[in-house]
């Protein structure tokens, strides 16, 4: 039968069509389907809030340098284990001194993006010259995400806000529970395990105040590269964003430099 | 049945129901995270010191090495809250407390006393009795006589007043030594009423954090002190091991 | 509640300069009800070899009897006292034999060789994984409290009196913060030519 009568599987995309959750492995779907609700008839299935992310973005990275911040995120949207959307923009420019980058559920990010951009439009119209600074946006995000989780309906996303707060670089983190902090360097997801040590190594030696834009960009490229090599949910195309006193720029995607020379020496796969 | 279903013309399958059910709502997501951390406070005759580590872990990764868990409360007040547990809840709770202390200040034109803050914190924590703030709190401050006092809480607002205390992940490692050295427990010639002087308290807290960091993986990076006297709040930071 | 904390208890062994201290609390309880206050969990195999068996009391006694039997067999065969290293290996093996149905004890072994004056300390988990630190080992329901105390109290090359004071303070203050341990303590100082066992009073609550 095309649709197993399990009340917790995804609703069918179309009659007779495939059930995507049957084909791709989503991070938390096993534990979800393993549950067996007794006493709930199939007709009265419980309403499930978003319990796991669907289309996901992997790590994002951010680092401060002496005059601003540099951030990066690759452009892949993963659908479980499927590399589904190769060209998603996961860093958005909010205004001339704020950018927001996101990992986790991309739909939740688009929902957030809509609200943030509307806030910016409202402010452009009614703000009277007051602009949304990164610290304010970060603070608002912590409250928004925390309140959603308190309603047991979280936005399954981790955001990094970067920008210039009164001529000082700002970098802030917030996840779907509402855990938030500010620091000189940060990464989300697997990047926290593989890229943060690289960034700490460099910044412990140099210090943010000595760190130049080119050095920061090199460092971020290195982080994107190791994550591309080690993270199965990453891609080689990535966006980089720079915010400093000259404004906020999200650059067009570039590609991680890779070296496949050695591939020719491997025999048996011609 | 009016021939809707006959052997020659089988009925069309009904459209699947996409609407959200009116039935029970499934709540399975875990809204808490444990971000650990340890807090120690010691009160003396004219001061109180409170200290926390500055590591902010999540699982086995260290999100930040520089996150203090101490929050000065009340406009111009002499109270500091140390809080560990679910960092999201800590941020929310401290924001609420700061706002309430500020409202008090605007209403009464004086800072909230440590005792009033202590009671307010207990009430706020208990107001979330059935969806608690997952936080372990220690409130340090000066009482109306300028003497150091320490209030210790459980996550749902059970509170007791002490002269010293520890909270957080390493509290079981820290508390016995505080009992011994500050409370003069099990000492033949110790006077439990004797007050510890400030330098002694700072050194003891340093030693305790060094010891706790040896054995507790979620405590480390550095110690952040806040030293409260009638003249104000002084800050200090001392490094700990980072592994 | 874990089986390991069903009866409660705390043990500790600490190294000094040419001396060694072992100590235990005296409580025997069933969950939170105290039954006896004369139940040491640190046992003398020889004057210079001690083993602590904190955990489930019935396993403490069972394992102790098994150990005594094996030590006697070893010594009848070898005609010499068992060495701490050998003893620890034997105990570790004995625990691992029960890998999938373990004895619920987390032993510590402490020995001093009166001839070479070398000191052996080790602690194990319930299936016999051995660690041999250079300073002290602790076990039982008050383990965390003991670790916190010992890390602060321990210093290298303490003489027997200093060692006694350190171990007593560590144990007593630790068990005062553990509802499942305490109710008296027994501390033994082991020197090459002298063994001193003292019982000390503690809070009885």
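Note that the chains take the letters A, B and C in the order they are written out, and that residue 1 is the start of every chain.
Rule of thumb we're sticking to: contacts are C-beta pairs under 8 Å (C-beta built on N, C-alpha and C of every residue); 3 or more make two chains touch, one makes a residue touch a chain.
Just so we're on the same page, UniProt names per chain: A, B, C = Proteasome subunit beta.
This structure is a prediction, so every number in the text was calculated from the model and none was measured.
Common neighbours of subunit A and subunit B, by the contact definition above: there are none. Centroid analysis (C-alpha atoms only) places A farthest from subunit C.
Closest to the protein's overall CA centre, chain by chain, comes B. One simple way to say how far apart two chains are is to compare their mean CA positions; for subunit A and subunit B this gives 29 Å. For this pair, subunit B with subunit C, the centres built from the Cα atoms lie 36 Å apart.
Centre-to-centre spacing of subunit A and subunit C amounts to 52 Å, using the average Cα coordinate of each chain. Subunit B meets subunit C in the complex at residues 170, 172-177, 179-180, 185-186, 207-208, 210-212, 214-215. Contact residues on subunit A toward subunit B in their complex (touch as defined above): 3, 11-12, 15, 32, 35, 37, 40, 44-49, 51, 142, 146, 149-150, 152, 154, 173, 175, 177-181, 183, 186, 192-193, 196. Subunit B makes touch with subunit A in their complex at residues 13, 15-16, 18, 20-29, 31-33, 35, 56, 58, 61, 63-64, 66-67, 86-89, 91-92, 131. Within the complex formed with subunit B, the subunit C residues making contact are 144-145, 147-149, 151-152, 168-169, 172-174, 176-177, 202.
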